[in-house]
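Here chain A shows up in two complexes: once beside chain B, once beside chain C.
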Partner chain A sequence: MSSQSQPLSPSFSRPFEHALLEVAARPFPWGPGALLVVAFGLLPWLADDYWLNAILIPFLVLSLAGLGLNLLTGYTGQTSVGSAGFMAVGAFATYAFLLRVPALPLPLALLAGGAIAAGAGFVFGIPSKRIKGFYLMVTTLAAQFFLEWVFTKFPWFYNHASSGTISAPRLEVFGHDISGPGGRYVLTLSVVALLTWIAHNLVRGQVGRNWTAIRDMDTAAAVIGIEVDRYKRLAFAVSSFYLGIAGALWTFAYLGTASASSFDINRSFQILFIIIIGGMGSIAGNFIGAAFISLLPLFLSQAGQALLGSSVDPGQIQNLQKIIFGALIIAFLIKEPEGLARMLRRFAARLAVWPLRF
Partner chain B sequence: MRNILKRTVLAATLAAALMGTAPVTQAATNEQFIPLPTYRVGPYASSGIPWWAGVIDYLRYINEVEGGVDGVKLVWKECETEWSTDRIVECYERYKKGYNGAPTAFFFTHSTPASYALMDKGVADRIPLVDPAGGRTESTDGSVFPYAFPLLLNYYSQASVGINYIAQKEGGFEKLKGKKIVTVFHDSAYGRETQAPMELLAKKYGFENIQIPVADPGNEQSAQWRQVRQIKPDWVFLRTWGVSTPVGIKTAARFGIPVDRLIGDVWAGSEADVLPAGAAAKGYQALAPFPGGADFEIHRRLRKFILDAGKSDLKDPKFFGSVYYNIGLINAAMAVEALRTGHRKFGNRPLNGEEGGWAFEHLDISDARLKEIGFFGLLQKLKLSCNEHEGGGAARVQQWDGKKWVLVTDWVQADRKALRPLIDAKAAAYAREKNIKPRDCS
Partner chain C sequence: MNFFLETLIGGLLAGTMYSLVAIGFVLIYKASGVFNFAQGAMLLFAALNCVSLQEAGLPFPAAVLASVSIMIVLALAIERAVLRPLVGRSQITLFMATLGLSFIIEGLAQGLMGAEVRALDLGIEDVPITIGDIMVSQFDLFAAATAGILVLVLALLFNKTRIGVSLRAVADDTRAALSIGINLNRIWQIVWAVAGIVGLVAGLLWGARQGVQFALSLVVLKALPVLIIGGFTSIGGAIAGGLIVGAAENLAEVYAGPLLGGGITPWFAYFLALAFLYVRPAGLFGERAIERV
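Moving on to the complex of A and B:
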């Protein structure tokens, strides 16, 4: 609360517009702040290539993709299984900008790629005016297959390369070469941190509240004067913008290359699982979900090898891991259908009053 | 009191984090480490299981019967990837620095998308990326791609071997004029890879080049084969993959296209491709840089020392000598021979990635050597150099007799002279795009 001690004037002599407006001073976000300090300041020095290249970068990119889909599905209530298609648009558009406009610096190319993806999202969001729920999901499925086909069919998109594969022509920001693991990590982290901050503010502002109103009941939202169609299309565009940038980062900062098949329907499902497991309508949930989906299989695989070693057939270990992974997902969803984010919040709340129970 | 649980959780997390970062050090031994990105589960498991059984059986044979490679023991670790590119990249990152002091000398990607993804990383880390009968075609030019090896038979050579075999059947290249050759291809990066060489060869020999795509996964191909039927082609080159191959063979039979006019590409020529097609596949031919069959000399040795000793990785002995098992054997043998080449230069000790790259670049396996190691007829002779990272460029042709593959030709050589300008142009374009200064290979 504000520490301002000026007494409120009891009189109503001043016009209403001039009423003293008290804005609650937001406490400094120590948690995210500390995370950022660790992520920017310590990790690039502490983590080795394996951690940066194989764990942190894909985790961050998948979190960003989850965030993109969450804006559409978790906040606006429009289910989509076309996420990977929009990621592909972002990746191929960024590639086209980098290749054909050599003067464009990487951050601007990313932005432009995201903008093209937003345009594609806007177009595929138009049907949301008339159709809802499952039927809308089918149109996003069509978008997924259509976009995948486009990026296989027309060689212009991959610069007539023999295998339909694109690769990053240059990775430099303002003259600094960032093609090393550290550079790519910092690039990814900066983009993800910035976009997360924007999304966080977006969902707490006018736009986010309109989206939530539409998600909860679109008729009621229309009655109180929200332009439902416009905000749905906006959600598609913003979501695709995020997904497009995630796709570009996946291509250029993580793998170094991509083809249309890198963004197939399985990738869409992976992102959908991230937000279902992490938590719909939650920003932190995307990060938790991405960690669960991308890191747990690696952890299980390493643990399986360390514990069981060569005594058991490696194929069997792998199948065992799949069983454990599946069982964990089911267990989590039964225990907490609203996702891991909600579960952690409840756990924290319990900790705060411990040892009392509630 | 209230914060005890909080503290416990915090302490436990910290402890776990510390334990995770504690370095595991062991004295370096006289061991060579080999990372194996496997796919024993997932959609391609049916090919992955015999494949890695072949690799591991051969490595075990080298370790236990020959006492290692020049006395250097081989150790390996698997990472299950389900053939997904990001998991293969993860495996590469996990093991590029070796394991427990044993260095990594090379990394078999076993996946064209992964070869592409790792291309820059391999150069930065000085780890040779080996992808026999796959990989990036233009990486044949070693002056631009020092650490990539599309060994044996790149995609361009596959197209060329196909055409050369057709010419052989027709009775000479001049007979190709005016013939209709249809390529039915899996509509993906892999399937499109041979379009450029086919166009070039069509111009050179005057045949009509017709390309018909099959969308992934290719469960239903009536439209494509109706079109093929209308064209009435002389030959059909089948460049499908996975389920699209048996479906293609069956649908071709349904539309009355004679099966002995179908020629499958490398990745459409295993037992898994013809068995589901049943009787329709009898007489189907396929290119075989990795021939099937269990009667080669190496199979006799493996049967004696590994299979009958109960040391085989193969769960079902019926796959012994299957195409995918033999792929594993051949890949492992090339790796072992490359290590030997390196030992001659660097001494009999474990090699690192840079030395591994040198070793692959100087790999030279003659027919005499093939006879010694028991691979004569199974593996073609190979000779690599600084700007020649393919090494072989030949394949045999095998025909399915309803029960097993029968080899119908000796090694058919690709017209690599004609294809090389295409490869050089692509490599030069890549060098320009990436700002690479090609090495001097003279």
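Moving on to the complex of A and C:
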């Protein structure tokens, strides 16, 4: 990125001030900055509890989960249909830390839960050494079913509760109670913003380049000296870390109470659809896809009620939703394989030259 | 010993039911390189069609014939609306398109024909009969025989007819097949229609077993390990894989299940498949892909 300003001597001899200057010389990211100001400064005051609870929090968590899967599928090219299994690991591990190590503050518990999920992802990523494509996808299905089974079968994970569910023992950060909708929203937003920033840098650095090379053709990547197996496992671990934290937030910040069935295979598909619709290999795409997926059902049920009256059978609306979802996915794959993110970029580019079209 | 044999045979026969689902996959994968996740939805759709028509008063053979023609129409529609615009795209893209397709078909099936569990009676009693001193389920025997006949018919279709030869040519090398004038779209239509009919047979058998309901579309998940073990490209592999998975699953549930707290069937087959993959990354009978840079 900054190669032209680097001296020919090895980069470690570069003074620290130079590095700081280089960072300062980068253009300020106005778009994301403005979004963050709105999300942190305005939305908690503007949005009512319903919006925070039912729309904004799940939207953010789903975006984070999409981001996790996108690192693995969109950037490294390893299709996974076991995302929800890793979310469950994060949720149950965070719960175990919160419950059994009461001294641990919530952010650290989240981090630890994510680390456990990363470990699980690493283990289930090991077969990627020998197995590719659809065959590997079945490995992730094995993870999905096995993990779901583990969290139903062994009562230790849900503290022997007869309902088989987990719920947050306490939600506080540095002594502040954050169990209200506003508090949970700010917690989710902070975690998502931080992790998004990290992912953004990760995919633009050496690791991300290696991942992309593996995605485009792993044999070729091996030929140019990339340690393919290691980077595939790394992708599994990092992706599961993100998914694990998303799972913990899904449980503690959104649902409140969850069980293994909150993380079934349909959740995995939902996350896969987010990245298909939003855009594979795009950071912003996860947010756009998640917004689409969380708003479409609301829109459809509203539209259904407005068009057909309130007497309409909710089961039929659900079927209609399924059909529309399926059709949209196919339409996206045909018309815009790079998703809504690409569509918006094209739109912006067209807008920039608007009156003077070529 | 008798108990062991009964468990084993019960498993093998149950495995043929898995094979039936897997065959539908193999057909489509061989001819078009599409990993058709919608096979389960097609199975549900076909069985629901048949049951609904029967409930509407049609005699069973007529209902089956009508369902067959509906599956053919469905195949034509899929080829036109989904496959043709996506020709030449990556396999993962096509797989995801079939995920969307499965949503559409499931939504349609349940929206048009209801979500409640329907009973389906094929006229075969599910009572065990004794052979020697081993008890075998009569229904399982019937299912196994059906699978056998189906494979025979498919083998004849593939090896003895003109269509079959062109199907194999497309599977072998799509471009070469195109260059000698084989109509690819027509081949896809035929393959998807045949897979739909196989789905109908599987759907009727599974439906008679556990009722025609939404859960039918989930047998697709049961068929995946079978497919992995046998390899995506071999019908014989689908049969062998089904038998292996069925037998191993039954034996594991009975002998290893109690040690692990039971209920291991949902994931056991997947781990078995994984073990096979470690040794043979393209399944037992699958073709190993050669990669060039």
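Rule of thumb we're sticking to: the second predicted complex is superposed on the first by the 300 of 358 C-alpha atoms of A that agree within 3 Å, B and C clash if a C-alpha of one lies under 4 Å from a C-alpha of the other, contacts with A are read in each partner's own complex, and residues count from 1 in each chain.
In this text, a contact is a pair of C-beta atoms (placed from the backbone, for glycine too) under 8 Å apart; a residue touches a chain by one contact, two chains touch by 3 or more.
Note that the coordinates shown come from a computational prediction; the quantities given were computed from them, not determined experimentally.
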{"item": "First, second, both or neither for A:Ser167, with chain B first and chain C second", "value": "first"}
{"item": "First (chain B), second (chain C), both or neither touched by A:Asn53", "value": "first"}
{"item": "Touching partner for A:Ala193 - first (chain B), second (chain C), both, neither", "value": "neither"}
{"item": "Touching partner for A:Asn319 - first (chain B), second (chain C), both, neither", "value": "both"}
{"item": "Partner chain(s) touched by A:Leu36 [first = chain B, second = chain C, both, neither]", "value": "neither"}
{"item": "Partner chain in contact with A:Ser262 - chain B first, chain C second, else both or neither", "value": "first"}
{"item": "Contacts of A:Leu202 with chain B and chain C, given as first, second, both or neither", "value": "neither"}
{"item": "First, second, both or neither for A:Lys132, with chain B first and chain C second", "value": "second"}
{"item": "On chain A, the residue positions that both chain B and chain C contact, one per complex", "value": "149, 315, 319, 321-322"}
{"item": "Residues on chain A engaged by chain C in the complex (per definition of touch)", "value": "79, 127, 130-135, 138-139, 141-142, 145-146, 148-149, 153-154, 217, 219-220, 223, 265, 269, 272-273, 276, 315-316, 319-323, 325-330, 333-334, 337"}
{"item": "List of chain B residues in touch with chain A within their complex", "value": "1-2, 4-6, 9, 38, 40-41, 45, 49, 77-80, 85-86, 89-90, 93-94, 96, 112-113, 116-121, 124-125, 136-138, 155, 187-190, 192-193, 196, 215-216, 315, 426, 433-435"}
{"item": "Of all residues in chain A, those that touch chain B in their complex", "value": "49-50, 53-55, 58, 99, 149, 152, 162-165, 167, 169-170, 179-180, 254-257, 259-262, 298, 301, 305, 313-315, 317-319, 321-322, 351, 354-355"}
{"item": "Touch list for chain C against partner chain A, complex", "value": "35, 81-82, 85-86, 89, 91-93, 95-97, 99-108, 110-111, 115, 221, 224-225, 228, 232, 261, 263-264, 266-267, 270-271, 273-274, 277-278, 281-283, 291-293"}
